[in-house]
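Have a look at the structure below before the remarks.
A, B, C and D are the chain letters, set down in written order, and residue numbers restart from 1 in every chain.
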Amino acid sequence: MEVLYEGLGQLIGWHDPDENREYVLHNKSRELKDKTMTANQAVGKFIKDGDFIASGGFGHVRVSMNIIYEILRQQKRNLIMAGKTAVHDLDILVGNGCVDRVEVAYSFGHEIRGLSPASRRMVESGKCRVVAETSNAGYQWRFLAGMLGIPFLPSRNLMGTDTAKYSSCKVVKDPFSGKLINLIPAAYPDVAFIHVHRCDIYGNCQIDGILVEDFELARCARKLIITTEQIISSDVIRTEPWKTVIPFYFVDGVVEQRYGSHPCEMHGEYFFDEEHIAEWLDLSKTDDGVKKYSGKYIYGVEDFGEYIELCGGEKKMFFLKERQAMRVSLITPWRK
Amino acid sequence: MEVLYEGLGQLIGWHDPDENREYVLHNKSRELKDKTMTANQAVGKFIKDGDFIASGGFGHVRVSMNIIYEILRQQKRNLIMAGKTAVHDLDILVGNGCVDRVEVAYSFGHEIRGLSPASRRMVESGKCRVVAETSNAGYQWRFLAGMLGIPFLPSRNLMGTDTAKYSSCKVVKDPFSGKLINLIPAAYPDVAFIHVHRCDIYGNCQIDGILVEDFELARCARKLIITTEQIISSDVIRTEPWKTVIPFYFVDGVVEQRYGSHPCEMHGEYFFDEEHIAEWLDLSKTDDGVKKYSGKYIYGVEDFGEYIELCGGEKKMFFLKERQAMRVSLITPWRK
Amino acid sequence: MSYIPAIECNVREFIAFTGAGMLENGKSVFVGTGLPMIAGILAQKTHAPNLLIIFEAGGVGPILPELPISVGQSLTCHRGVAASSMHDVMASCQAGFIDYGFLGGAQIDMYGNINTTCIGDHNLPKVRLPGSGGANDIASFANKTIIIAASQSKRTFVNKLDFLTSPGYLDGPGAREKAGLPLSTGPYRVITQLATYGFDENTKQMKLISLHPGVSLEEVQDNCSFDMLIPEKYTISPEPSEKDLHILRKEIDPTGIMIGK
Amino acid sequence: MSYIPAIECNVREFIAFTGAGMLENGKSVFVGTGLPMIAGILAQKTHAPNLLIIFEAGGVGPILPELPISVGQSLTCHRGVAASSMHDVMASCQAGFIDYGFLGGAQIDMYGNINTTCIGDHNLPKVRLPGSGGANDIASFANKTIIIAASQSKRTFVNKLDFLTSPGYLDGPGAREKAGLPLSTGPYRVITQLATYGFDENTKQMKLISLHPGVSLEEVQDNCSFDMLIPEKYTISPEPSEKDLHILRKEIDPTGIMIGK
């Protein structure tokens, strides 16, 4: 298998499939057992400095922000993050010095809301390094290969570009078509955290709306923390097993956290908190502003519940629910 | 990409990904349009002699038997069939001389009910040829590669066996791990037919229960005939878009056929018709018996509705519904 | 604004209208947030009611009661035909089911290659941009890619990209095929505040198709670092009707979040 | 029947009981229809209540009100933790999430290789069998594979398979690894009507573990074409209790469809 072209990017989170099987054999329990814990316990137990971490959801949608804020509170360091359309999560983690390396599909931006002053500053000053580039499909396929337990997935994108040059891919000649084909390496994040609508105490999870990459990410992550709007009985799960997107044997910890994705959106539940995002985007223009934000929303509170209170509590959440139901108008305080 | 080992099996249904994109560009419509037709029209329009065909479902479960019987009625010839745990469908198609080549994962058997006298006889007398061997996962991955539009999917099975020797796989050295890896070629069946619980006139489909391989098969088939227990309004589809397993742009024809999977099982609807299967298994022990069965159930009726009447009509279907709901006991008339 | 439309409208409205006009009825389009989404919806509401809109995160064929502000937002599957996954839609994209894709970029070169990754050196960039996102995927897989560049200038239409994020025609004819990218793909149109461009069939270089009303050839050339091909025949870009603008302003983006007031 | 159990039971009951005994609590098992399924359920109802049962077509962790007769049947996800797809479960299997798998076969050799494809020549077989099904996948991926062969004889325990469908230890130590199969996998036990076998750690050849009650060493050797390794120490296979048989007959298979009457 002659490699005709090889990306210079760092190969992050790849393991030999046999080595990963060995990990799965000894570390992923197939036993139905109560996995409930607090975010504080989950982050303390599962995330260590230097880990390669990945968020579920997409952009500002269904991200497990309660875990992100706990990582910040516990001041984890030297984390590598999957920049798989990672926006607010990545921005505050990089901006606050927890994440210092990123493999980028989409990062350092808040989509339509503009670029991320804080994390861009870190990259442009060399405090955070981009160790590899890829694309959204590229990341998706890293996870898909991981889930399948194979070393790589063939693909027909990235080739011919600097994105490939800075990626961890290898280009070979496909023996079936005789054409070039890109081999995207599997990814097995050390820890992933996925926010879901509901699950039972064992971690059998239901998600409403689009799944984005969470089906695959849940199955390839070495450790998986599920955070959930609500814990429901296993009986309900078993009544409609076709709704289970992530079964319990992929799950290591279950954290119940109402509004756990704030300020991100949750399908059918609550809208983006544009005021909060705007506050961050404004404050994060300076290092002092970042400190001010952290002092208030991260270190100034004990847990995510207190943070929600600080953001406006039930009154704010009621507004965000109304917004999600399109009963009140969109506000865009980050607009210039 | 040096090929270290190559199966001798015939490469069925593979296309260069670019050639298949060209097919998709010109033949798969992205237009929402009424695709309803009769089974007679669908088979007449989409299936031609010599085609490579594949059934949805699995074994005797959720197979589009109304299309199978129509293929028999229209006496299609020289078909190649995906033996992806294909049982009753494959058995009667081979037994009646419509299918003369099979790529086998599981074929020529009726699972617990025993081997298939008719199709085995055809193979053992050289009238039907096994052109390649694979496994269930092997077939699944042929479809997955096809859906992904890539020439092959890497896998870690089949290697070292005669199954690999008679397969269409190629073994190479993985440039990431340095170990051997099997490359399973993509499959794009000429025609697939999948029976679903409900869909709209455009072909947006809902399936209850396990999906088996139908998510992937629907997406890689060149032509896709959907048969459905019931056509529902598009409005219902759009109320719960997360239930759509197959969206309309993969679908070429929609056939409404209540009980369309008989004598196979339909999740939540009706049980296997063990009496009918037993009748076939008994008759198919001889060539004369096969002719007797065909004369009665295939050529003796105009369409699948008449066939259902012949099988016992609503009274039989009521019994099979009761059986499915476990309100009456299992009968196993095929037991010796 | 450099052009003088017959009916008063802003650049973003003009671009959305121009993009919409390129989309065919009965075809599929992969859209990102902002102008591409608006172009798609405008096409649906005018000449292409049967245009299939797909979002990279999994939303398929929604009926949009308001404008989504993110490609992953719940709205992207609101009354959709499917609420699926990136696995599903990116696979379909690679398999050839996506006819049109939209891209934007900080820099673009004469072959339609795009930079959305960084300005300056990759290792210590002067400006770090978000990276590919789904852009490389769209540029690799969509049958026809439409590039929107609302601020054409010598700084954005460059001779050499600081970083080639998403493939146009790379370094010219045959280069995409040689690199291994799917056949019959590549940039189709470029829409800026000044004009609409295509690509020369033989050289794969960017070529003027039409000037927006009131824009001069000099403006096009003055706002481009490379040699823009100017054919003998070019036209003036069609303008939106009052009805188009009414749909844009009243139905699609009444708060003006994307197209401005 | 060749053995004389203390409590009257038939061969299939004995095999199901023996298979159940090999399954550990808190582990996962991939089961096919018939005896493997019965073994899995019996284990759940006795020493391994927390055994995760997975079916190759997508059913995961069901609570079974009656015995399924097919691995794709609706019942396989009845009150399950998930009703998924072959994509999902086969991926999990390849990734190492399946601890135990069961296989049967028409022929088996000393290395635990199995034939379920054909007797005679592949191109024009004397007997055509169904082929691999999921067997090659289980044999390749499960951490421990248990082979059930209810009719051990010189005809079924052969020196050379007519067709090697699913991999045991292939041609001996190191062969699986050399072929590219996942490490730390392979056949674990073989259960027949006569005895239970394992595989020698060094030679990977089949080796007696225990004789079923009343079976002699001669019977084992007379019903085997290859040289069965007989260690100095072997035991007598444990027998089902009345309670085990009661569960098998009254709770699991009351109609006797799988275990017979």
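Quick note on the criterion: a residue touches a chain if its C-beta (ideal position, glycine included) is under 8 Å from a C-beta of that chain, and two chains touch if they have at least 3 such contacts.
Quick caveat, the model's predicted, so the values are computed rather than measured.
Student: So if I look at the partners of chain B and the partners of chain D, which chains show up in both lists?
Tutor: A
Student: Weigh A-C against A-D on C-beta contact pairs and write down the one with more.
Tutor: A-C
Student: Would you kindly tell me how far, in whole Å, the mean C-alpha position of chain D lies from that of chain C?
Tutor: For chain C versus chain D, the centre distance works out to 58 Å.
Student: Measure off the straight-line distance from the CA centroid of chain A to the CA centroid of chain C, and report it in whole Å.
Tutor: Here chain A and chain C have centroids separated by 28 Å.
Student: Can you compute the centre-to-centre distance for chain A and chain B, using the mean CA position of each chain? Integer Å is fine.
Tutor: The answer is 38 Å.
Student: Distance-wise, how many Å sit between the C-alpha centres of chain A and chain D, to the nearest whole number?
Tutor: Here the centre of chain D sits 41 Å away from the centre of chain A.
Student: Quick check: what residues of chain A touch more than one other chain, meaning two or more?
Tutor: Only 17-18, 148-150, 155-156, 179, 181, 209-210, 242 qualify.
Student: What parts of chain C, by residue number, touch at least two of the other chains?
Tutor: As it turns out, chain C has residues touching two or more other chains at 77, 83-84, 94, 182.
Student: Name the graph shape formed by the protein chains and their touching pairs; answer line, ring, star, complete or other.
Tutor: other
Student: Every pair of chains that touch: which are they?
Tutor: After working through each pair, the chains in contact turn out to be A-B, A-C, A-D, B-C, B-D.
Student: Enumerate the contact residues on chain B facing chain A in the complex.
Tutor: My answer: residues 1-3, 14, 16-18, 148-156, 170, 172-177, 179, 181, 183, 185, 208-210, 242.
Student: Over in the complex, which chain A residues touch chain C? Could you list them?
Tutor: Touching chain C from chain A are residues 57-62, 83, 85, 104-109, 111-113, 115, 120, 123-124, 126, 129-130, 133-138, 140-141, 144, 155-163, 166, 171, 179-182, 209-216, 265, 267-268, 272, 324, 326, 329-330, 332, 335.
Student: Within their complex, state which residues of chain C touch chain B.
Tutor: 25-28, 50, 52, 60-63, 77, 79-84, 88, 91-92, 94-97, 99, 143, 182-184
Student: Quick one: which bits of chain B touch chain C in the complex? Just the residue numbers, please.
Tutor: Spelled out, the residues of chain B in touch with chain C are 17-18, 20-22, 24-25, 28-33, 146-150, 202, 204, 219-220, 234, 237-239, 241-242, 244, 247-249.
Student: Taking the touch rule as given, give the residues of chain C at its contact with chain A in the complex, in rising order.
Tutor: The touching residues are 33-34, 56-59, 65-66, 69-74, 76-77, 83-87, 90, 93-94, 113, 117, 122-137, 140-141, 161, 163-167, 170, 175-176, 179-182, 255, 257-258.
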